[in-house]
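Presented sequentially are two complexes of subunit A, the first with subunit B as partner and the second with subunit C.
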Partner chain A sequence: MAAPRLTRRGLIAGAGAVGAGIALGGVELDRALGDSSGSGQVPFDGAHQAGIATAAQDRLHFAAFDVTADRRADLRDLLRVWTEAARRMTAGDLVGEVDALPAPPVDTGEALGLPPSRLTVTLGLGPSLFDDRFGLASRRLVALAELPPLPGDELEPNRSGGDLCVQACADDPQVVFHAVRNLARIGRGAVVMRWSQLGFGRTSTTSRSQTTPRNLMGFKDGTNNIKLEDGDALDRHVWADAPGWLRGGTYLVARRIRMLIEVWDRAALSDQEATIGRVKESGALLGEQREFDPVDLSSKRIPADAHVRLAAPSTNGGIKILRRGYSFTDGMDERLGQLDAGLFFISFQRDPAAFVELQRRLGSTDALNEYIVHTGSGLFAVPPGTTPGGYVGQTLLG
Partner chain B sequence: MAAPRLTRRGLIAGAGAVGAGIALGGVELDRALGDSSGSGQVPFDGAHQAGIATAAQDRLHFAAFDVTADRRADLRDLLRVWTEAARRMTAGDLVGEVDALPAPPVDTGEALGLPPSRLTVTLGLGPSLFDDRFGLASRRLVALAELPPLPGDELEPNRSGGDLCVQACADDPQVVFHAVRNLARIGRGAVVMRWSQLGFGRTSTTSRSQTTPRNLMGFKDGTNNIKLEDGDALDRHVWADAPGWLRGGTYLVARRIRMLIEVWDRAALSDQEATIGRVKESGALLGEQREFDPVDLSSKRIPADAHVRLAAPSTNGGIKILRRGYSFTDGMDERLGQLDAGLFFISFQRDPAAFVELQRRLGSTDALNEYIVHTGSGLFAVPPGTTPGGYVGQTLLG
Partner chain C sequence: MRNALGFAGGLSALLLLAGCGSSGQSGGAGSSSGPRKISVTITPAGCKAKPSKVSAGPATFSVTNDGADRVSEVELQSGNKILGEAEGVPPGLSGSFSVTLHEGTFETYCPGADQERWPFVVDGGPLAAGTSKAAAAAVGRYRTYLEAQTATLVARTRAFTDAIRAGRLADAKRLYVPARIPYERIEPVAESFGSLDPAIDARAGDVPAAQWTGFHPMEKTLWIKGTTRGLGSLAERLQADVRDLQRRVRRVKPEPAQIANGSVELLGEVSKSKITGEEERYSHTDLDDFEANVDGSEAAYESVRHIVAARKPALAARIDRRFDAVHRALAPYRRGAGFVTYTALTAADTRKLSQTIDALAEPLSHVGSIVVTG
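So, the complex of A and B:
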């Protein structure tokens, strides 16, 4: 082996021009919480995987993989190697240790010189992983089943499903691309990528320190989302607590929601506001003044089929989910001759039934349905977090 | 008409949490030049269109359109309306003046509350516009012809050509998406979008104040690019100066260059460096120490077919082009089962023959060809800049 040649930390430390460098200690947490673009580091290890109750970063690269290896030991090795690579990348390090000149680089290099950028890598396990291949059939949790057909579904198989998923979030798109690409690369021979989605801008807040962004309908989205400061709500609605391998984990639902923006753009402002139930500019409920004024569904200003009414926990038996979605565009849809753009919806919940119930209700009566189509879907169990040296999935495979 | 409801400036001025607000006066120029993410404003009017000799912003949304209107007056109206909308958006204003409640909003709203983010909107005219439809056949410049077939071409018709193009660049992806979407929206009835491309990260520097970013091959790209501080080089290589409607304008070449990254990732570091002719980590020429050490092509360390050697002006009769490319990924290529990712190459030059000659040379002997395929292509004449109240294309249609 040759001496180390490529380093990422070294470049960062030496490059004052690049940014603020690596945050340490208490500063890290401040950055993980902060709203503005961050260069800092989100700790990888912890009771829960990072990237869930982490202040939503600005950019996303999400990918689903199918496992082609057929031995349980290979799956375990893959998750070990992926975990270690993710741990290193989130710290701003290269994926691997050293480069030996005659071999391909251990890291593809496009993130050289970039700070950690609050990268988180969150790994999930799909229902299809729990078939006979790896002896996991008996470990499958009842809730870990493919989502049932839902109203609004026009799902494309090549945007749906997968044995494994990777959610990479950071404040720099090059950093999230680098993470997914390198996991795909080092997984070669054990996995093939099934689909992937770039999200260019966050549409959710998951911390009280963040301002509410707008989705591509132009409305503020996620005003009443669960915030990471609400430990009680996280425990009640997000973290699984039944004994077993998922304890401390959660379920991830991904939905590629195509917005029919050309139709939406022709709707009157008053119709748009009635559809959502909020004022477009301020984000306040119809009839209210400010974005965070409490939801009073007795108000006659909010139509019966307004999205905000149907999605409110008080009309859904208290159901709450943690949303962490991103806007996307994938160029033109040749079939329709329109921009293929919308919301890549991600939610975390302790039981996928929460999402299913909500979507059944929204999908059948929500005024928004006229303007959206669900074109992709995935459900994944997200194992709990790791201790240093451990790997994601160890509670299942260890 | 109802009173104004939605405003963008108002929200910005009132929202201290959002960012630094709008830069004014001399600060604007500093920001246009600056390297880091900027919230400021790049002036729209000027001798040349903005977005060319402007410090390359971080994000791109590029779109090509075909004109469906068939009268010259309609084309002129479109360019007038687009120019005014672009002028407003680059200033951080809404696309239109006021919202009347019963009508669709004049602005789609997703950039409400966002600062100008150094948005530039650059408009170009394709060769196909100069047919018989608008009486422009006699005004077509000889150089404004579709690019000839070039080595490495695997062009897809639905990613190539177009009567008009829009290059939107800014430091915020939501701002560039908003710009293209709103131009498409207000052009409805006169144009249809032909193709579009999101670029998630810049791969070029166009100012000495910027650090050199890395492309998806992991190499620093554009070290020897023309910089906006080099007025002489711009005059010699970029701005058209023959009398006529293009004087002060330029030609834009767009090429969607797919990188075969899974093949590249299997190449040894030494092979990668020999292919490019530079050291991956430092960006220095092989055998040199620092990125900006001068190009000495007599060095035997640089292979005969290295990209840097073949692309150097000294081996090309002094040809220089201003590059302004962006990395992209569009998810999985189902056909190949690989990430569809690469470089959306944009260059500006006073004569497209400069690009053609360079690409002929590179395409036939460049070691890089093993790893790239050109999947999309466009050529557009970029008219000169505007004075306040004027419109892009006025020198042709006015």
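So, the complex of A and C:
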């Protein structure tokens, strides 16, 4: 008996007409928003890569890779097959057929029967890729340099850097794991995984249709994030527009920010609120009533070193970044017997200098520093989006 | 629909990277006759194959478990030798395995069922002449290797156990690794003889303490207690077991697909127990085993390489390069005839070695399907 041909969508359709309708209906919805039912599909191709100006999904699996292949053609092949696999997975398809019984299955199978879950796969290129291995040294953009040492850094080399990165986001944890696992498997021999991070809950809002979530400190943070409905703000602060291979792309900064949970939990509510600058329960600025009341930094109620004051664009010469972070935990820190948890911060900006300037200010004066430490870091250039049949990085390697 | 279109493009693109060539054919059923498809449904009563009589040639067994709680595997056996098996198939799950069948009488065996053994008959059927010639060359080559390794195993185990019986501790420790190397090179074959592998190679905790025999209890006494005393009967038993292995190996006729799968299993051994330092936890000579597994994997692959090279030249070339990469990765740790101890490795060292093995094992895992199809 031949093994049945399995497709994720086939199973969904088999589950009933309603399921199929939801899966297909997502295609017609706005690309950025995806289908808010959680089963929808975010189209892969477009002017910009998906997963940036896309309504933040609930789950993250982020991975950084080093390239071990030594030929430029190998790097190009890798980005081609990664792009094609990502295109298929975001559509809810398997990365390949599962019909040759004597061979290992091409798709690992754990996403069988699961809808696309608004999966996005965003690929980035690290500064270390631009050396002489692939003849890319002359193509390195000035801004694409390792981040300078920043106050608050206690970076672990095993959680930092990388030639390439994959940001997989979806509303289902198994779907994001499946995406990273299969890309790692496809890339075996051409890349090795350098580090990886799972995120279990979004901490950012990137659409006006979303409510502001809470981070692990219990606060609403990022209320005034750039939203995907703000086309002007995206153009001004996120998308790179200088001529060249990155035009239409952006820079991704990733920071693994460990929270000293035990210390934070001992802080009085008044201290917690003074540290952030917001009321814990409502999310309103101190002295205000509602979360979305306008920020008035002249208010004496907000301390000089409150996080909300120091992070506000008006404190930073108008600098804005698109934040897209996730809460994480890696269980327990074995050395200390404490929870190893915090914020896996991800931001997108047209120039990494925006992040550096913000973090210089926050890292030296933010009251929050008493409760956090930066343990991992990565900077990646995120090439522009693709047309059907094209691949991410084609503007650089094509 | 985009589904169908994306499918073909994606598959060929993926196979290109996986090194499976770009001929466009799917990796599975190859020739017009194709592999025989046999289904085995495990029930509480047993595991009758359907059909239970087929003609010789490549065959794929699809196994499903229909509510048999006490049974979780099916083996295809000839005498008591395992030709193929699907393990870990509890109720509701399915599995499969592939073999090339030759004329003869076999059994499907499902331990725990009311009737555990079910007859399975294979008629003589023509294999394509070219295929059988290439397959015969592969089998002949690998059999020669197996016999050479078992002969070395018996001789070196003799030297090792002689030193133990004579109470020469330093010699026993020096002769331990050379005796193990031929075993580590052919371990999957030894594993096909059921209880022989645990008798020779079980680690502490794998078997009840009273039944712990073979190399490792002796390793523990030699390195931890620093004596040969009390090891006489273990030495006798080990010597008898490796000679038993040698006798049984003479009757083995592995199929090309089994040889190929064995080459992948040997790399699985590296990933599971060598690169973790688990195998040689007292002597810390894991890297010697590591290399022996890789050498055995390479010898198995070399036996079938001509079939791969004829059908998927790009894959063969890729696998060659990745074997080279593994040897290069091991080179810095070589000391004299052996290697540094496992305890001298940093986490960065083991990580690099482990990822180099994974990079090789991934394309190698496709070889079985290429040599099994006609």
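We take it that the second predicted complex is superposed on the first by the 371 of 398 C-alpha atoms of A that agree within 3 Å, B and C clash if a C-alpha of one lies under 4 Å from a C-alpha of the other, contacts with A are read in each partner's own complex, and residues count from 1 in each chain.
Please note the rule applied: a residue touches a chain if its C-beta (ideal position, glycine included) is under 8 Å from a C-beta of that chain, and two chains touch if they have at least 3 such contacts.
Source: prediction; values computed, not measured.
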item: Fit or clash between subunit C and subunit B when superposed on subunit A; value: clash
item: Between subunit B and subunit C, more extensive residue contact with subunit A; value: B
item: Touched partner set for A:R88, first subunit B, second subunit C, both or neither; value: second
item: Subunit B versus subunit C as contact partner of A:A103, first or second or both or neither; value: both
item: Partner chain in contact with A:T68 - subunit B first, subunit C second, else both or neither; value: second
item: Touching partner for A:L78 - first (subunit B), second (subunit C), both, neither; value: second
item: Subunit B versus subunit C as contact partner of A:A341, first or second or both or neither; value: first
item: First, second, both or neither for A:M259, with subunit B first and subunit C second; value: neither
item: First, second, both or neither for A:L129, with subunit B first and subunit C second; value: neither
item: Partner chain in contact with A:R185 - subunit B first, subunit C second, else both or neither; value: both
item: Identified clashing stretch of subunit B versus subunit C [131-139, 167-175, 185-193 or 275-283]; value: 275-283
item: Touching both subunit B and subunit C, residues of subunit A; value: 7, 99, 101-104, 185, 188, 192-193
item: Subunit C residues touching subunit A - in the complex, by the definition given at the top; value: 2-3, 6-7, 9-11, 13-18, 26-29, 35, 37, 39, 60, 62, 96, 98, 257, 318, 322, 355, 358-360, 362-363, 365-366, 368-369, 372-373
item: Subunit A - residues contacting subunit C, complex; value: 1-3, 7, 9, 68, 77-78, 80-81, 84-85, 87-88, 91, 93, 95-97, 99-104, 106, 185-190, 192-193
item: Subunit B residues within the subunit A interface of the complex; value: 5-7, 11, 15, 17-19, 35-37, 59, 61, 99, 101-105, 107-113, 158, 172-174, 177, 181, 184-185, 188, 192-198, 200-201, 211, 213-219, 261-262, 265-270, 272, 280-281, 327, 329-332, 334, 337-339, 341
